[in-house]
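In what follows, a structure is listed as structure tokens, so that the remarks can point back to it.
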């Protein structure tokens, strides 16, 4: 089974998710810059989510460059990943709408964790299909970024019960960790 | 006529359908998890529809891998399929909005039946064009899944007059039947 | 300049236009089938517009199969065509919302005429670039469908001042004329 | 790293941005043409933004035809460009909603400047990767259009504090400057 349409479909869904979030930004009520002030939490939430979806597109791109074939399980795991990502506009909107309060920030963190789990499942299934000595198998070696992410996600979700702003900072740190594309795969494809 | 743009256009429409449904989820009214409670029927409806559109994308993908050429009839039958699928966000929203009541669940079931009929028409036209001994013709042999689906669709729609929840369960059973991609085509392409 | 991205971008825009119209369908206010009754004019408008956008995608597909190169003028004419088509969800919504009244039906007709003019411009520019003896040049010979369309568009827009329903019927006739894909190009590519 | 998926993803995002702006056009309140009158500023804003996104798609298309490889930096600069462009529906809606008042027009201008900066960053990174003697490096020589744009952007934003309509005219002039696709790259690819 070819990976072409899976990539095209994923690109389509990711492009829509990343773009429709801007529809959640309501029209400022007023004609001066001060009317933008109540939108600041929503814009921050939008920027953070845009970066996250961008990271997932980026890593998805990298992962599938090292994948040569797909099977039914990978198709469904990928759809589960797209489902988790499709909830981001919803959890982002709630977080922005409530001006970054405790429960919405926790739900947003859980959403991010679900996306991370789904991505890991796709990766594991792809390695199982391609073999440990494949491009992908050799590329995904150490898991420093993954372990760091888990720590910051857990910390962010826990702290959000008391200080949701600190939770958002934790999620931002995870985003910064991943902003650099996965050099491991790139290096391996070259070497 | 090449099938490339038909696949690309279908992927685009399916990607949009599967993603815009999340726009139907309204912002929770409140800042605590309890505000999510009234959304539960809508989220269930969203998940079911996401799975259905995922199944159609999956089977569409499989079917067109076994198709080598398309004609005007197939183009239009495919557009009719996309039309039926495009109604799913509408019927899903009504079902969720009314907290899974009788008539909305019946309409949702009718929508699913229409999609199934449209998909069958595309398949029949493709077999007529490719020939009974083509990849596709040999792949689509028994119709166990199709017959089972008809039974559960009819049962689900009928029961929904009295017990709409049971109707939703029937539709869910059909989804589970199809969650496994069509092994027949995959097997045939390999053999 | 390659036509690949122009086709991909057009497919994307057309896929979005054809799908977002369903977002204009409001949630039925009520839990029984009778709640669907006030939506009937909107659903009719949606179906007609879906068919029109489908026809444009279909003919766009056919035309670009016979086109081998594009230049800046064709890119911009194509964007103008996409702009005209992007107004269809807006004029469709007004026509449906007002339950098919005089002025909205006229505006809808003008929108359809604009799309037809834009399509013709793309076609003319492509023939100018490819040459009269190209696949496209030879394919587009008689203009029976075009002349018939002009007559029915003018008739539909005129009659809509008095009887908007008859206007909608005229537009439907044009759609039926075009439902059959352009056999001329198909025949020519084969011969 | 191949540029294929970057182009496909960018096409998807640009197609969605250019199309969802039409969703911002509200239903006319009334059944006669006079109901369209209050929408005129919104429609003007929509047309201007449609042209701008069209220009960006066009120039993106041209630039990436001269680019043969991409790296992580270009991916992220491109995502930043898409982010800036994704804000256009938001700033357009505010400008239209307020009937082209001072602050919204300034914000719109700032948005356009951000897009121009982001595009320039992608271009610079691509030239750095491809080399000064690459197709792209030789193509991007003089910067007449860029300098003219800066002047008109600065003029437009400044004047908008007093006369926002003149600001919109300045932005329109920039659009007209760019409506012609970048002949330099086209010429160079041929020569």
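The letters A, B, C and D name the chains in turn, as written, and every chain counts its residues from 1.
FYI, contacts are C-beta pairs under 8 Å (C-beta built on N, C-alpha and C of every residue); 3 or more make two chains touch, one makes a residue touch a chain.
Predicted model, so just to flag it, every value in this text is computed and none were measured.
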Maximum centroid distance from chain B, chain identifier (CA atoms): D
Numbering shared by both copies at the chain D-chain A contact, with half separating same from different: different
Distance from the mean Cα position of chain D to that of chain B, given in whole angstrom: 37
Inter-centroid spacing, chain D versus chain C (mean Cα positions, whole Å): 27
Numbers and ranges of chain C residues touching at least 2 other chains: 8, 12, 15-16, 20, 23
Chain B-touching residues of chain A, taken from the complex the two chains share: 1-2, 5-6, 8-9, 12-13, 15-17, 20, 23, 72, 75-76, 79, 82-83, 86-87, 89-90, 93-94, 97-98, 101-104, 107
Residue numbers on chain A that touch chain D, as the complex places them: 7-8, 11-12, 14-16, 18-20, 22-23, 25, 27-28, 31-33, 36, 47, 50, 54, 57-58, 61, 65, 179-181, 186
